Every structure is written in C-alpha cells, then in structure tokens.
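The structure that follows is given in the form of structure tokens.
As written, the chain order gives the labels A, B, C, D and E, with residue 1 at the start of each chain.
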Amino acid sequence: MTISQMVTSRAAAALDVSRAARSSKLSAVVMLAAVAVLAALPFAVFSNVTDTLVNLFVLIALASMWNLLAGFGGLVSVGQQAYIGIGAYSVIAFADQGVQPYLAVPLAAVTCVIFAVPTSWLAFRLRGDYFAVGTWVIAEVYRLLVVRIDSVGGGSGKGLAGMSGLDQTLRGALTYWVALALALATIAACYLLLRGRLGLSLMAVRDEETAASSVGIDVRRAKRVVYLVSAAGCGAAGGMITVSSLSVNPDAIFSVQWSAYMIFIVVIGGIGYIEGPLLGAVIFFGLQQLLADYGSWYLVLLGAVGIATALWLPRGLWGLMRDRTGLSLFPVGYFVRGRGA
Amino acid sequence: GGLKGTGGSSSDVLKIGYVSPQTGPLAGFATADNFVVKQIQEAMRSGFTAGGKKRTIEIIIKDTQSNPNRATEVTRQLINSDKVDLIVGSSTPDTTNPVADQCEANGIPNVTTIAPWEAWFHGRNGKPGEGFKYTTLFFFGMKEFADCFFPMWERMDVSNKNVAALWPNDTDANAFRQGLGPMMEKAGYSPIDGGAYQNGATDFSAQIAKFKESGAELFTCTPIPPDFQTFWKQAQQQGFKPKLATVAKVMLFPSEAEALGALTDNIATDFWWSPAHPYKSILDGKSAQQLADDFAAETGKQWTQALGSVYSLFEIAIQAFKEAGDPKDRDEVAARLRGMKLSCMSGDLDFTAGPEPGIAIQHPVGGQWRKGEKFPWDVVIVDNTPNKAVPVGGDLRPTNG
Amino acid sequence: MTEQALLHLDEITKRFGRVTVAKDLTLSVRPGEALGIVGPNGAGKSSLFAMISGDLRPDSGAVWFQGREVTEVPPHTRTRAGIGRTYQVPRPFEHLTVFENVLVCAHQGAALKGRQAWTHAMEVLERTGLAELANTPAGRLALLQRKRLEVARALGTGPRLLLLDEVAGGLTEPEVLELVEVVKQLHAEGLGIVWIEHVVHALVEAVGRMVCLAGGDVIADGEPMRVLADPKVRELYLGGGPETGLADEEGLTDGEDS
Amino acid sequence: MTLLSISDLTVHHGQLRAVDGLNLDLEKGEVLAIIGANGAGKSTLLRALAGLNPPTSGSIRLCGRDITRLPAYKRVSEGIALVPEGRRLFHSLTVEENLLTGAYRRRPGPWTVTRVYELFPWMSDRRRQNASQLSGGEQQSVAIGRALLANPDLLLIDELSLGLAPVIVRRIYEVLPGIVGAGTTALIVEQDVSQAMRVADRVHCLLEGRSVLEGRPRDLTAEQVEHAYFGIGQALPAGSAREGHD
Amino acid sequence: MGWLNAVIQGLLLGGLYALFATGLSLMFGVMRIVNLAHGDLAVVASFLALALVSGTGLPLWIVLVVTVPLFAVLGYLTQRVLLQRSLSSGPLATLLVTFGLSIVLQNVLLEVFSADTRTLDGGSFGTGSFELNGSISIGYLSLATFLLACAALAGIQLFLSRTGLGRMLRASSDDRETANLVGADSRHVYGIATAIAFATVALAGLMFAMRSSFDPATGPSRLIFAFEAVVIGGLGSLWGTLLGGMVLGVTQSLGAQIDPALTLLAGHLVFLAVLAFRPQGLIAGRTA
C-alpha cells in the first residue's frame, strides 16, 4: 500500500485549496469589459489611436512570451528575435504564395514552432548565461542565413504582397483586431499553461532543475513546451509587425533590440507575474509616446528608468503592487485554507 | 457607425511631413535638414495660392534614427496622427523605401530622394512601365554612376582594366552589383567583386588580398560610411593603394572626409549638387552658391550635397500643391507629382521622362576631395562629362599619387 | 535474485578521476526492507543514491528496480516508477509554497490529479509536520524545515522505495525520535527504505539491516548492532579505541558487548 | 580576562525578534556551547557576532573594544572567524584555494595550510579538487579548516558535527582543546546536547532568542537542560504540535 | 599564400578581439556580471580620447596614457554606485542595469558628438606595416594590439590565480557574504576588478578606434564578438579568452577567404559548434 492510497476522508473533507487570490472575480468582470471596449475601438476613434495601439499589443505579446520563457521557465534568452524574424519572413513568403497576409500570421506561428524544434536541441545544451549568449548567436545565424535568400529580398528586405486589394480603413481595423487577438491569445496561453499541472512543474524547474527531475518532472519536456510556445508567440508577433509595417528589413527585424525591449518591459513590470509584462508594456509604451519627440534624450531617460527600476524595484511594479494589495488578476498559485492554522 | 478610418483635416494649412535619418549612422545625410526647413518656411512665410485659396504650409519633421522600422513607424504617425497632406523623405533606401511603402499603402502623395532609383523601384516590387500611384523619386541610377565614373577611369593611366569593387549585401550595394557590374563589363572593365559581406565588418583582409592579387588599380565601392573608413585604413596598411578610388554612398560629406584624415586626399566621388552647379530656387530664385553660403553663415558648417536635394523636395511638394486644383485631394496631388516637370535647386527634373514613371533623373559629375582653405577638405569638380553645365574646377589627380 | 528484489545494484563502478566512489558494488533491497547506510565522509553514499535515482550514471554495472533494468532510465521516469529521494543539502523550489512543493511531486511523481493530488499533498505535509507552513514560500524556511520538506517531497511522489540522505543531522533529540517514528510507520506501511545517516542511534532504531560503505565498497553488511561492532567499521567510521566517547554509542556498544 | 562581552543584544529578521536582549560574557581560552531548539536564534547570534546580521540594539565588545557596528570583513582582522551554517564553500575554487581564502587577512598564528592538512589528512591529496565536488562531510571539514586559517581569537562554529562521520567528530573534539590552548576561544553551536555538555566549559541555552539557562555542564542536571530547551513549565512537547511555533 | 595570409591576419584580428574581450571575460566569466554596456564603454573611451586630442592638442600616446587610468577610476565608481546594488537582486537586474547604461551612453554620445563617424588618427603607426614577404604585410598597430592582448590577459590570469586578491575576487563571485566572512570587503574587491576591466576596455576601445572607425552606435555590434571569444575560450579562463579571440579571428578570416558573405557566419557557426560539443569552452575554467 502506498501513501497515496492512504488519504483519509477526514483530511480530504477538511481541505480547501483555492486557486484564486483576492478580488479575482471582480477583476475578471473588469477585464472582460476592457476587452469589449478595446474590440469596439475602431468604430469609436480614428485610426491614429488604433494604429499606435497595434504597437502596444505587439509589445504585450512579445513581453508575455519572454516572461513565460524567463520568468516561469528560467530560460533567459537574448535571442527571441530569431522567431520574430522567422515569423515576419514567413508572412512575407506565405503572402508571396498567395496566402492572405492575415491568415499568414497564425501560419507564421506554426513555422516558428517547426524551426524551434531543432533549434531547441542545440539551445538546450546550454545553461544559464551560456544559454543567453547562445540564443543571441543563434538569432544572428538565422539573420545571416535569411539575407542569403534572394527570393525574400536578401540583405535589402522585402515588401508585403497581397495587401493592395484591401480598403485602407478596413485594413487598419483588421490589423488592429488581429493584433488585439494576438495579445489576448498570448496572455490566455500563459495563463492556461501556468494554471495547469505543467505550470507548477515549470516553476519547479526554474527554481531547482536537479531536484525537479528527481520529483518526477520531465525537465526537458517542460522546457521544450515553453520554448515552443514562446517561439510561436514571438513568431506571430513578428508576422504582426510585418502585416502592420507592410515590409520587412532583416537587420531591423532580427535586431537584438527586441530582446532588450522584452527584458526592459518584463523587468519593469515584474518578472514571474502574468500581469508583469502587461503593466510593463503599457508603461514602456507610454514613455515611448510621451517622450518620442525629444530625440535621443528620450532614450537616455528610458535607459535611466530601466536602471532605476532594476536597482530599487527588483520585483517590478507589479511585485510592488502585489505586496501592497495582494491583488492578482491571473492567480496561478495555490492557497490552502480552512486549516485553522 | 462604421469604421472611423484616418479622418482628415480641412483647414487651409497644407501639412508636409519630412522623414530623414537625423540620428544614427546615416545622420550625415541630415545635417542640413533644420536649415533647409527654416529656409522654406522663410520663403513661404506669406503663403501662396492653391486651389483658389490662400494657403500656408506647416512642416513636421520626423527622425528615423537610421532605422527602417522606425521610418515606418514615424511615417504612420505622420499619416495617422498628424494627418499630413504630403510626405517627403530623403537619404538611402533604408529611409526612402519604408516611407514610400507606407505612403503608397495609405494613399499619401510622396516624393523622396538620395537613393539609387533601382533600389527604390525594384526593392519595392515596382511593376515596370507602370510604377506607383502615390510615390515618386528624383535621383539617379547605375547608368548615371557609370556615366560619371567611367570617364574618370578612362583618364587614368592604368596597366589593366580590373576594377576592385567593394559591395556589401544591402539594398544599395546589391543594386550596384546587379546594375553597375554588367555595365562595367560592357565598357571593357572587369569588376573584381570582393564579395557580399555583411555591414559592420571589422576586417577586410580577405577582400584586400583579393584586390591585390588581381592587380587592380581602379577601385569603386558602395559601403556604409563606417565600413569604408575601416576598409580604407586597412587597405593602406596591407598595401592596397589603387591609383584612383571612385566611391559611391560614402565621402559625400565633409565630416567623413575629416574623419579619414590624410587618407582622404584625392578620393573621387559623384556630385549631384554643389555650390558650383548653376541651379536656382523655384521659390525665391536663390542660387546654389547663395544657399551654400547662407548655410555656412548660419551654421558655421560646410555645405553638403544633401542641402540641394532636401531643398528640392520641398520645392517639388509646393509646386504640386500649386498645380493641383484641390491641394487637399491626395489623388490629384499625387497625379501632379507623377507628371511634374520643373527647374529647381536640383536642376531640371522631369518625372515623366525617367526610366520608369514617377522617377526624375539627375546627372552627377565627378569631384575629388582636396585640402581646403576655409575648411579642412574641399571638393573640386574634376570631370563634367555627364553634365557640361557644371564648370570644372581642377585637374583629375591619382588618389595615391 | 533480481526478480524478488525491490532494488538491486549489480556490480556498479563509478570513479571521479582518482576518487573511486563505487567499486564493483553489489547491493539489494527487498520490498518493505529498511536499510541503513553508514560510512566515512566521502565514502560514496550520496553518490550511490545519485546512481539509484538517476542523477549519476555508473561507469559500469547495472541498476535494477522492481525487476526492471533502469540504468539508462532518466531520473524523472525512475521517480514515476517509484523511487523517491531526498538531497543531503536541501534543494527546495524556493519560489513555490511548501504546499506547491509537495503538490508538484503528487502531480508528476505520483500522477495524481485535482483534489486527489491536493489531499495527498496535505496528508504528506501533516505527517512531516509542515501542515502549518503550507502557504509559506519554501525560500523562507529554516534549515530544519527544509530538511523536512525534502522528506515531504520524496513522500509526495508516492514512492515504493524511499531514499533518505542525512535527514536527521542537526535535529534535536526529541525531533530525531519523532522522525524515527515517522520512518518506522512508513516502513510498517510496506515502503522500502534506504537511509544514509551519521546519527547512528537514530538509524539503529529505525532499520533492520545496515551496511557500511568505505572506499566504494561494502565493508560490513547485516544486523545493525553487529555492523557497528565490526572492528573495521569501528576503525574507519566510528573511530578507534575502546572508549568511544559518544554517549549514545556508549549505550549502544555496551548493549552489544553484554 | 574577558574576550567577548555581549550586552542586551537584539537582532531582528524583519519583524521577527530572533535574538532578544541577550547578555553573555566569554573568557579567553574558554569553550562555550550554545544549545537550543530549532529556530531559537543560535545561528542568528553567531551571524551577528561575525557581523553578518546587524543588531537592532545592544553592544558587542571584543577585548573591551566596541565592535557592534564594525562590518564583517573588518572583524576578521580583529580576530573573529565563523564556520557558517551550511558550509558556504566557494564552489569555483579548489580545496586549497578555499583554505587560503581563510588566510586572506594574514593574521599571525599557529594555523597554516600544512597544519590543517595534518588535521584532515585526506585533504592534501585532494587539494586541487573543486570544492563543489566534495561530499557533504568533506565540505564541512574544509569550512572548519578555512576558519582556522584566519587564526582567530574567537572561533564561532555553527552546527559543528552536522554531517560529519563520528570518527571525524571525535577527532575534532580531540583537537579542540589544542585549538583553545593555542590561544583561541571557541563558541560552538551544537545540536547534540550530550556532546556539547561533554566538551564545553560552559553551556548557554537559548529559547526564542533569550538566554534561559547558563552554567557549567557539571552543575546542570539533565532535567534543567530539558526544561530550558523547550521552555520552563511547559509540558514536554508532543510531536508535531510544536512544529508551527518554531 | 592567400590562406597563410588569411591565417596571419586572422590571428592579428583575434588579438584585437581578445583584447576587447578581456574586460568582458573578467566581468562575465569571473564576476558573472553580464555587461551589455561593454561595447559602448569602448566607444566612450574612443570619444574621450578624440575629445582630448582635439581639445588639448596633446599627442595621442599621452592621451592613451591618461585615458586608461581614467577609465579604471570610472570602473571603480561604476561598480560601487551602480552595479553593486544590482548584484543582490539577481542576474536579470544586472542585465537591465548594464543595458540601461548602454542606452544612456549611446544616446548621450549621440547628443554630444552627433552621429558622425570618427576615427583616431594613429598617424604612420596606424597605417604603417612591414612586409613579411611579397604578399603578407603586418601592420604595426595590429601587431601591437596582439601583443597588448597577450600581455593583458596573461597579467590578469596571473592576478586571478596567484594573488590573494585575485582569489578573493573569484571567491566573492561565488558567495559575497562568505567572502566578507573571511575578511574581504567584497565591494572593494569587485570595485578593483571592475577598474581593471574598464582599463582594458578603454585600451581595446582605443585600438579599435585607430584600426577602424567608430560612432555612437558602434558598441553593441562589437559586443557579440567579445561574448563569443569569452565563451569559445571557456568562462572564467583568461587564457581561454585569448584562445577564443584567436579562434574567432582566424575563423572569420578563413570564412572571408572562401566568401566574404561567410565572414560573420563562420565565426558564429564555430561558436555554436563549440557550445554544442564542448559547452564548457576550449579551456574549461569555471564549472557552469
């Protein structure tokens, strides 16, 4: 007889484990309302607003994916731009084949997964800071390979085909909706993934890899799942970038700057919380919009804000907020109640 | 209600958006931007009549930070937030192409410059014979480079017809590889292609070795400015000293000449604009020489070629507004751009006679950098075969004499 | 032999450079047996656990578990098959709560789901005296609580064979007794147990058989008192001389002598 | 003469008062053992003495000099060395390099690397091995050797016998008088009460950060100690009921 | 002959990479600070030297002698003021601090010096060379850089392995609290190490500036070479970094010999191959 068979009915009855933190019912309602408002926005405001929001959504998607990878999977990658780039180029290539560009965005995610499978084989041989540098170089290799393919424009990049038939206003709105859907999908994916059994294993792997494998977690599989999900998300985001900018340039799309942005957003927002990248992206985006007209000084300020956050707010803004209020929009932890403890 | 779209503005102010790389590696192209904008605003202070109404113009400047993605973004801002009526842009395909792509997609009239037309046209999937509806360009292409460089090569006393060519893998250089290369062969030269390296290289030993081995005494290139500096120094160090260097895309500006120091002497490049060009402003009749002098007086800096080109962007834009029945009608303004013929600060431009519709061609002449008096380095026009209107200021000398 | 044995190590050898941690070592554990392992520091005890749990691959030899060869099987699969282990230096998942630490074991090791997994985790926490700390992040635990958590996690995986590595070190006397009780009870429930410990008197009370490892080899194997009385064990492990100096061992050796 | 004198020392971990108004004097050449249940504050006290946990109030004097606010690294020069809980070896250094870090401050004294190798003979063979590859007990020995090499006047050892084979524990306690005789005073935390009573000149029992019992081993009865251990007047605790209050 | 030339030029280039990677190796490999501002610091040094040369008219070698110690002081201060604090909040915090620093430096340089491309005029020393035979010429500057790299790396390696301070530095990066416990003020130790790292960064920056050109945006593109050199060689081993630099230089040079488009790719592929088949690097330094 094993322990698991010995669970007494008494213990089972007394036990109350909850998944929700305080106020999550209310916040769910608020979030639903917010989503509804966002979805209706193209009918209410001019496209200058929706158009800038597309950037915000892309940032949210990217940062969520990086947070999943680093904050929950412990895989600190500086090379996610590889998938942004592959995603962007797949959209270009699919569109050349006659696929509607918006439909090519999910296909870009699939392409990225296909590329991520063999890449993960190499990347997972590395740990910690080796992994970070290794992924950066892998992304560079992808860039150097892409610029050798003449059919996608070589070093010059290429414009997106298949968009000319669409009415300009409709195109703007469609782009907005697809971007919104992407952001929501990435957040939902993170939430569902982390709420399940896999999520807990992931966090265990992040904290202590050896011990994780000895409690029965298939470490490689767990890591690979997040890596692939993150690749898919970044790929879709890359496709989104192409769809909204209508062209792709290899140096810009494979730039390590993307990783820098992701790190920046996630660390400011709060790493290891699903809400972190959301908050971080909004702040980053706000700063960008507010200061964009001050030329280089805006970047100086942005850098300084990053430094300050890292020094004085290591758990990010959401960490601070959570300490103060206990608020959690997306509770993934477990809380044992009713123990009279 | 339905989708809101971009909306529009209906005032008497005509808004022109201007996109250029004011910061970043390409910033050399934009040194004159602020000055030019001021000049235009000055000239247009009292407004002008267009579409039967008195109009004023407003210019909104955006910086691409030398980054094509950023160029896309700021162009969209101009269209969506600033609701501009027309967009002009300048300097290298990294700017002109994304800007033009956005304008074409959003139906905004657009004119750009300082990018080889091949890179601009083919890089954007232009349909030959048809061109684009909203976007136009004035500059020149491979044939004009050939017309400018070949006569200088002819005049050099060289033992063979090999020409060392340093062309990286980017939009500009690929246009040279595919365009100028075959033309060189037709003219009896053999291009020694160093290979499509990546921008930002730190070592050119392989290319230098190849050039040395070929015995080439003529040299041409289309690199990004920092790479040229690296290459040229290493070439000196490793003993590749061509008799004549005719470079494109680099050594266009005095700052680059200064950065290279003594090694600048007698490097030749293409000049599509200089104070010596006999051109005049269509706005106020100011001559090229006057514009350059004003620039020097106001900023204390030496003139750059971009001065004339950027100036002309606005001349063309204003001309298009003037010619249009309704300057707020984007389709009409775009049609005027495509059909434009004018004589301006950049000489005679004809957008209907180009190699493709909507492209006006300039004819650069050959010039060399020499030690100057007022400024450390000056340009001397040494060969005017392509454009006899430009006076020659000195003799062609070997680069490594 | 391998058929009935719960665990069977067949002539395993493992070297780290010049250090030999196992030399043609053969050892079996019957189902439901409680085996104690003692030996000098660096004898290779923890390494032996690592080879059983799959963290370490032996240079040669084979590991059998429940009649199946598992030498090439990765650690997580072995855990799922029923090998639960603790680490000598605790390795908690610091950002998870104590409950989550054990829950993840119930999910992954014992393949339990939902409420079943929760109750199982809670049950284990109660047995190991951690129930009150269920919602505490493991990173905030004191050393002793960490050691308890190690045991709790191993139990959380629903093992058939429990490997305990120095879980009594640093415990106060009453706590040691308490732990011995827990181990005895687990043993009574039919669990196979292998326990490495330097707190010899605790071991003596809990296990029915003891082996002493030294230099990668079994130097004594059998009934605990007998093993401890073995002159080789006394010399290499307990320390020479007739007077042992340790109160508990005194009692123990006295008992042995009489 | 008095080497160390602690008066009214209070140390907090956040809200928690881990050491609470403690007074303690230590004579030169003495071996003082601190005992107490888990979480009594023993480690915290030692860390405060070594300068790792700043006290909230109270003072620490070493040879009459106030060192309460002295940072940890300066206390080493003053003659304090700690063998910390959990060994804390430098895992990218070899065994010998780990030992040598102990001698960083170059205090003169009897302990040299060679003498430590005499104390733990296995070590000289393994001097080039990476410290992270050592077994648990081996690491503990190196940590002790490292502290000895600082040639301290006051040696603080947390959980001395944890993880050590009996033969090694015995050897260490055999050499302890020698160490103390060479001019070092030792303050040890020992979980094994009987062991502590045997080797120490004096024992000090902590309960929830306060000193509840103090005296020479031979003056104390087993019952006294037991009561002090778990709180006087409190019934002997039964199993897990106690756990939560740690 | 072409191949021999490629190898020789590659080795010399490798010297530059190694010199450039020295500071990174110390900070990344030994102290485990991922310094994303490494490249930008080199550029700052170049601009500083440029400003000194044009501002004071002093000869370049004096400026060199001034800039390097100045940077050492700067390094000590940076460590104490910025990095020290971030160290206690984990590796991501350091990553963000140095990334922020990188952005700040780049853009301040841009505002102060504009985006123009500059170069340091090393005069005849910068462009001079001697001929080994007809087709192989070796630049004085490249050779000097190479020798400097060897000297700097050897010096620091000896410092790390033979001196008490060097040992404490490695100890501190394992466990700062315990380092304090054995008597080292880990903040000071780190400060010294960062000072050394910064001094080598400045030196490398100046060599880079004389060899090629620089502008405020040059830093990041060169950072990756330094990272590769450090990792190919093996984290924690300075000898490894020297070797790593050479391997990278020669690979790139040979790659370019086959096809200039392969230059960077060849370097990256060798790097990935090392990671895949010998993840601890060619000379294993620290345990990963």
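Basically, a residue touches a chain if its C-beta (ideal position, glycine included) is under 8 Å from a C-beta of that chain, and two chains touch if they have at least 3 such contacts.
Going by UniProt, the chains are A, E = Branched-chain amino acid ABC transporter permease; C, D = ABC transporter ATP-binding protein.
On a predicted model such as this, the values are computed, not experimentally measured, just so you know.
Shared contact partners of chain D and chain E are absent. Counted as hops between touching chains, the shortest connection from chain C to chain E is 2. Relative to chain A, the most remote chain by averaged C-alpha coordinates is D. Set against the C-alpha centre of chain C, every other chain centre is closer than that of B. Chain centres here are Cα means. That of chain B falls 37 Å from that of chain E.
Averaged C-alpha coordinates put the centre of chain B at 76 Å from the centre of chain D. Measuring from the averaged C-alpha position of chain A to that of chain D gives a distance of 49 Å.
Centre-to-centre, using mean CA coordinates, chain A is 40 Å away from chain B.
For chain E, residues that reach two or more other chains under the stated contact definition are 110, 261, 264. Residue positions of chain B with contacts to 2 or more other chains are 23, 169, 196, 198. Contact of a single residue of chain C with at least two other chains is seen at positions 126, 131-132.
Taken as a graph of touching chains, this assembly fits none of the simple shapes: it is neither a line, a ring, a star nor a complete graph. All chain pairs that touch, listed by label, are A-B, A-C, A-E, B-E, C-D, D-E.
Within the complex, the chain A residues that touch chain E are 70, 76, 122, 125-130, 132-134, 136-138, 140-141, 144-145, 148, 256, 260, 263-264, 267, 271, 295-297, 299-300, 302-307, 309-311, 314.
Contact residues of chain B toward chain A in the complex are 1-7, 22-23, 63, 67-69, 72-73, 76-77, 80-81, 83, 93-94, 97-98, 101-102, 105-107, 119, 123-125, 168-171, 174, 196, 198-199. Chain C makes touch with chain A in their complex at residues 53-55, 74-77, 79-80, 85, 87, 91-97, 99-101, 103-110, 112-113, 115-116, 118-120, 122-124, 126, 131-132, 134-135, 153-160, 186, 189-191. Here chain C touches chain D in the complex through residues 16-19, 38-43, 45-47, 88-89, 126, 129-133, 142-145, 166, 169-175, 178, 181, 198, 200, 236-240, 244-249, going by the rule given at the top. For chain D in complex with chain C, the touching residues are 37-39, 85-86, 122, 125-126, 129, 133-138, 140-141, 159, 162-171, 173, 191, 193-195, 198, 229, 236-237, 239-240, 243-244, 246.
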